[in-house]
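Next up: some structures, all given as structure tokens.
The same chain A turns up in both complexes below, where it pairs with chain B and then with chain C.
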Partner chain A sequence: MLITKVKDHRKIQEILKGYNPFVFKCFGCREVHFPEEEINEILKEGQGHLKGIARIDYLCREEFTRRYLEAFENEVRATKSILVFSCGVGVQVVSRLLEEKIVFPGCDTFYLNGFQGVTAQDFDCEQCGQCWLNLTGGICPLTACSKGLLNGPCGGTTKDGKCEVNSEMDCGWVLIYKRLQSIGRLDLLKKSAVNVRDYNLIIRAAVK
Partner chain B sequence: MAEKTVMDYTKYRLKKEEEIREILAGIPKISILWCQKCYKEFKEDFEPECGQLKDILEGMGTEITVCEPVDFLCNNYLTKKILEHLQVDEPIGVVSCGLGIQFVAGIYNRRRVFALADSVLHSGNATTIGYHGIALGPEKCAACGQCYLEITGGICPVVACPKGLLNGPCGGASSDGRCEVNKELPCAWIEIYERLKKQGKGFSSFVEIRNYSIFKVDEKKRFEKANRNERTEGFYGGVHPLEMKESTEGKPLEDFPAPERIFVFLSQHTGLPAKPVVKAGDSVRVGQKLGESTGFISSAVHSGVSGKVIGIEEKIHPVSQTLQPAVVVENDGADTPDPSVMPVMDPEGLSQEKLLEVLRNRGIVGLGGAMFPTSVKLCPPKPVDTLLINGCECEPYLNTDNRLMIERSDEILKGAGIARKILGARRVVFGIEDNKKKAIESATKSAGGGSDVEVVSLKTRYPQGAERMLIKRTLGRDVPDTGLPFDAGVVVLNVSTLYSLYNAVYRGIPLVERAITVTGVDVVKPGNYIVKIGTPFYNILNSCFDSESLGKLNGDYQLKMGGPMMGIVQTSTESAVIKGTTGLLLLEKPIVEPSEENECIKCGRCVDVCPMELHPDYYAYYGKRKQWDKVVEYKVKNCIECGCCQYVCSSKIDLLSFIKKAKRYANNKG
Partner chain C sequence: MNLEEKLKSGKFVITSEIGPPKGTNIAPHIEEAEYLRGKVDAFNVTDMQSSVMRLGSLATCRLLFEKGLEPVFQLTCRDRNRLALQSDLLSAAVLGIKNVLVLTGDHTVLGDHLQAKPVFDLDSVSLLKVATGLMEGKDMVGNELDGTPDFFLGAVVSPGYDPQELQLIKMEKKIESGAKFFQTQAVYDLAAFETFMKAASRFGIPVLGGIVLLKSAGMAKFMNENVAGVNVPDKYIKMMAAADKKERAKVSIGIAAELINGMKNLCQGIHIMPLGWEKYVPAVLETAGF
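Take a look at the complex of A and B:
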């Protein structure tokens, strides 16, 4: 459930004109924001420069993407480059399947809170590998605090409990304090020693 | 073909025993909620974490009061419903990734909630998380917001290089191309170099700097809202496929020339088939009864042309796709009306029974597709206070209801007046999706001036036209699981049905014609046509498509009766229009067709979109193993076969086929 945003239209037109690519447009996670109408407009404008278009869902599913490549074999063979409208995963899959083609991403990818699960959420999990939620009443300081502070607020909170980085955002530590108050566990704030994140866990995961 | 790489994307692992002992020290009893995980092979077995946790707690002498497995714990809406029915005592231990724990802690924000698991990171480097797609493939995306992939040959340095370097290697790679951080990992930049070499393209780009500020918090919030709140506005689930209505939206209703022969099926309604009242050689007139209703839930069928009855022949029925008897009438082109075609005198003054009699005699059934006899629907066993006019037409491509509302909204509302009188309904609500601006205008105009019909504009979403969803969306009422709309005090009628009801009462014409949309790939004459019931498909196809595209019918193209979501694939063009035909579409066959064989990866998309709040993933799992009892246990009977689950299925599993088989099994069992 990543969000995609179309890159600069001028840049895409340049790619179309300069490379005459074959186009994959993934409408992937379907109900997630996907700018299909915007893409269709761009493609209409550059219609004469296209080798062909495949509309596909879940471009990241390699076994199905291969079948599309077979169905559009001639069109794909006729060009040296592919333009892919999808999240970064889809672009990488196409690149791997067509190693000799130049693959252009047509979109930039952003993430939605809660992506690693199945629904978009207000809150997020940073996959830190050492869950802090027992100390903070079930509100994650890494993601609820814009600075990801583990040991209490930074001191920059406004009077109405908003974050100094973005005044629309609640201060994560104010939320944590209120939650701990409501479950009667303010003592946790005093009890816990200084918390330090173990980045080693992440590096180990990165090289796994 | 290369072997498929399947990655382990397990989202959490249980905390270490010492840590759990420390967290739960001194707690005598606990309730456990645990997530059944996502993005993995579908298995019936419980996750090993649960067994381990039970052992640890036993060793500590802590009693487990509730131990509840939950599918997709982070699905706010469904999990909230489960928790409402679950008696959990404080404190609560949650085994899931950080999302599930935060969600449960948010719900029980006055109780102690313990995190008993840590989230597992799957890729990325010290500063970046990598996300996988809706597939268990090896590629990951850091969602950095400034895609570099064309410069790096389609290998992402942000996630593939442990240092996340954007401008070439760090210089620490070993002589055999391994990463200095981990010898087992190839240096991402060497891979990038090799890939670019294959493309005949050197690395020739300028220095890239990562812009961490690119996506503003507010913008993200906007997407979140569009994704979560607005998507489930009114009712849970549903999808919004491309509307594809442009080709016929502006085409006014047009009479389709009456064919030389019509095939009127005796069964084109829910319930018992009609009994023929004509025989070969009889001459019939327009509006004359060809078959009689044979029971309470049944309906009469009539001739749309005048001419001679050829006989009763077996033809392929467009719904069941089996041979069914149909009355074949040869058209003499004279259009001689039957004497029974007479407007009802003073319909406003007639009693309810008399009006129902008229509808029964004139063969009025629901024209949205289900073909349920309207006369039965209008005498519900429970009091009804609201008549809901269904002007959603949420299926892509179709425009028949849309055009009827634009051109004949006065007639529709007059028909609604009759239905309201029969029902004695206090309130009339007219729901129209907001992609039909002109229809809303026209309906508002017709409803204005002293009438109390409420026209409601609804945000376009499929399957809003399904009765339950429409009732929930417009009136906020829930129809019970096994109930019908009247259980919620509502009767829902489609605009086409109301138009035919108007024709039956005010013009005396039985249901012998209806509007259908004809469009699709390579269409020559797309349009909204009023066709005689019984018109063979080949007449319509030959007039609207060229022979070349029709030649592809058994190859790349397929013919669907109805919309692309719920429409039925037609195997024969010898079939004919029935009362429930909303459209005829010539569509390209999908390159990858759904199959029963494909394996589920528990991506949870089907559960996310099912408007009936069911678990289609289990239908695939148990269906494949022919454990139909299990499928029935997961409430397959509630399924409305809207096809949303199959539409989003990332594994392209033929879920509808499993659902239909399970329903047949359940019906046979009684």
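Take a look at the complex of A and C:
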């Protein structure tokens, strides 16, 4: 899950005024929260400075984007600069397809879960490469715990079972404990070996 | 006798704590420890307590060691990955530091460098296991060491943690991974501590009960609301509130001594965290009959 946040509005107006860019708006896939209304307002304000706007989905799919670029060939040719409102992947795809242009990202892209479990959310997977859910009652210790602990809670759980990092977020390890207790499987916690992450798994997978 | 030998002999052990400064002005902190020489068996040195950037624990431990004061090196998993943690353990060994207290550590967002990367590559349990492995001559991936360290490993436990069973499960994992003694979060509720110690007694491992001197009723209320695992009973809050400013230290000393006396038959020692009130520690110990 990703979240895109529009950069400082003043900076975007400066780009619009200074570079007269062509604008891409990716209204996004299901995985990305995209603040389209906010972007529309910015573009309305800077209307006179734009070379054109293309609203498309899946800017991250290079083939689609190539075809869109063909459709907007004239507008794109008329400027040196492109402003892209999308997640970081979309910006990178446009940069590769338009090597001779300056491509500005209009958004900052965040992993919705912040860093490990820092932002409260229902479910998430950090793609750790060694799923622990069978030991933890189906609750992910990497994303439900702010420190991604694998061997039980830290000492920071608050009195009402919240995380020391964020009082809005349940302590993932209290959730795991309660779940295992309710299904009568605390033995999974008691008997499990000392768990350690193997980062080489994801490093190797990335290299392949 | 060192800390390990004292605990083995059954002596009721007293440890205290030093928080290194933010900067290089370490002298006053060494003086604080000097002040307690002969009254306290060993001094924990905190590892950037509360995630606030400070002088290092290891260097401070060595300074104590050079003065003939026994240090306990606190090592957290917040700032170092597994290479750095193992390396720092070996460094501790060659600097003559034997006692190591292993903790997961507070999250970086609780401190003064909110922009920092929280590491947590290992946690308290896995780091204890790794330290035990080093003592057996192997690093974490099984490579032979040229020269093997010797540690007396400790860990922390929070008697007031809810759910308690979860805390006991974690305590047992720490013991299985090599912890040989425990220090606890601050204790104010003796009845609850007794219940905890009854449950933990099955492990047969020394536990040093945590003592934090109350400075005011406000501090007690603050801890009740904000500090995980701490529960100051109303009667102590009332005593502190009733004392006028000049009397507060005396009342606080009395409360700490009462708690220590109550702990004498429940656990194997105490760990005093003076938090700036070092000067009252001798009076606390005297009032408690030491």
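Here is the rule we go by: the second predicted complex is superposed on the first by the 192 of 208 C-alpha atoms of A that agree within 3 Å, B and C clash if a C-alpha of one lies under 4 Å from a C-alpha of the other, contacts with A are read in each partner's own complex, and residues count from 1 in each chain.
Operating definition for what follows: a residue touches a chain if its C-beta (ideal position, glycine included) is under 8 Å from a C-beta of that chain, and two chains touch if they have at least 3 such contacts.
Because the structure is predicted, anything quoted here is derived from the model rather than measured.
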{"item": "Touching partner for A:127 - first (chain B), second (chain C), both, neither", "value": "first"}
{"item": "Partner chain in contact with A:99 - chain B first, chain C second, else both or neither", "value": "first"}
{"item": "Dominant contact partner of chain A by residue count, chain C or chain B", "value": "B"}
{"item": "First, second, both or neither for A:109, with chain B first and chain C second", "value": "first"}
{"item": "Partner chain in contact with A:196 - chain B first, chain C second, else both or neither", "value": "second"}
{"item": "First, second, both or neither for A:78, with chain B first and chain C second", "value": "neither"}
{"item": "Partner chain(s) touched by A:137 [first = chain B, second = chain C, both, neither]", "value": "first"}
{"item": "First (chain B), second (chain C), both or neither touched by A:60", "value": "first"}
{"item": "Overlap of chain C and chain B interfaces on chain A (superposed complexes)", "value": "115-116, 118, 146"}
{"item": "Residues of chain A touching chain C in the complex", "value": "115-116, 118, 146-159, 161, 164-165, 173-174, 177, 186, 189-190, 194-197"}
{"item": "Complex contact set, residues of chain B against chain A", "value": "1, 4-5, 11, 15, 23, 38, 72, 74-76, 97-106, 109-115, 117-126, 129, 131-135, 137, 139-147, 149-150, 153-156, 162, 179, 181-182, 184-185, 195, 198-199, 201, 214-215, 217-218, 220-221, 223-224, 226-228, 231, 239-240, 242, 591-592, 603-605, 607-609, 647-648, 650-652"}
{"item": "Residue numbers on chain C that touch chain A, as the complex places them", "value": "82, 103-107, 109-110, 117-118, 120-126, 129, 156, 158, 161-163, 165-167, 169-170, 172-173, 176-177, 185, 228-229"}
{"item": "Residues on chain A engaged by chain B in the complex (per definition of touch)", "value": "1-3, 5, 7, 28-33, 36, 56-64, 66-68, 71, 87-96, 99-105, 107-134, 137-140, 146, 166, 168-169, 179, 182-183, 185, 199, 201-203, 205-208"}
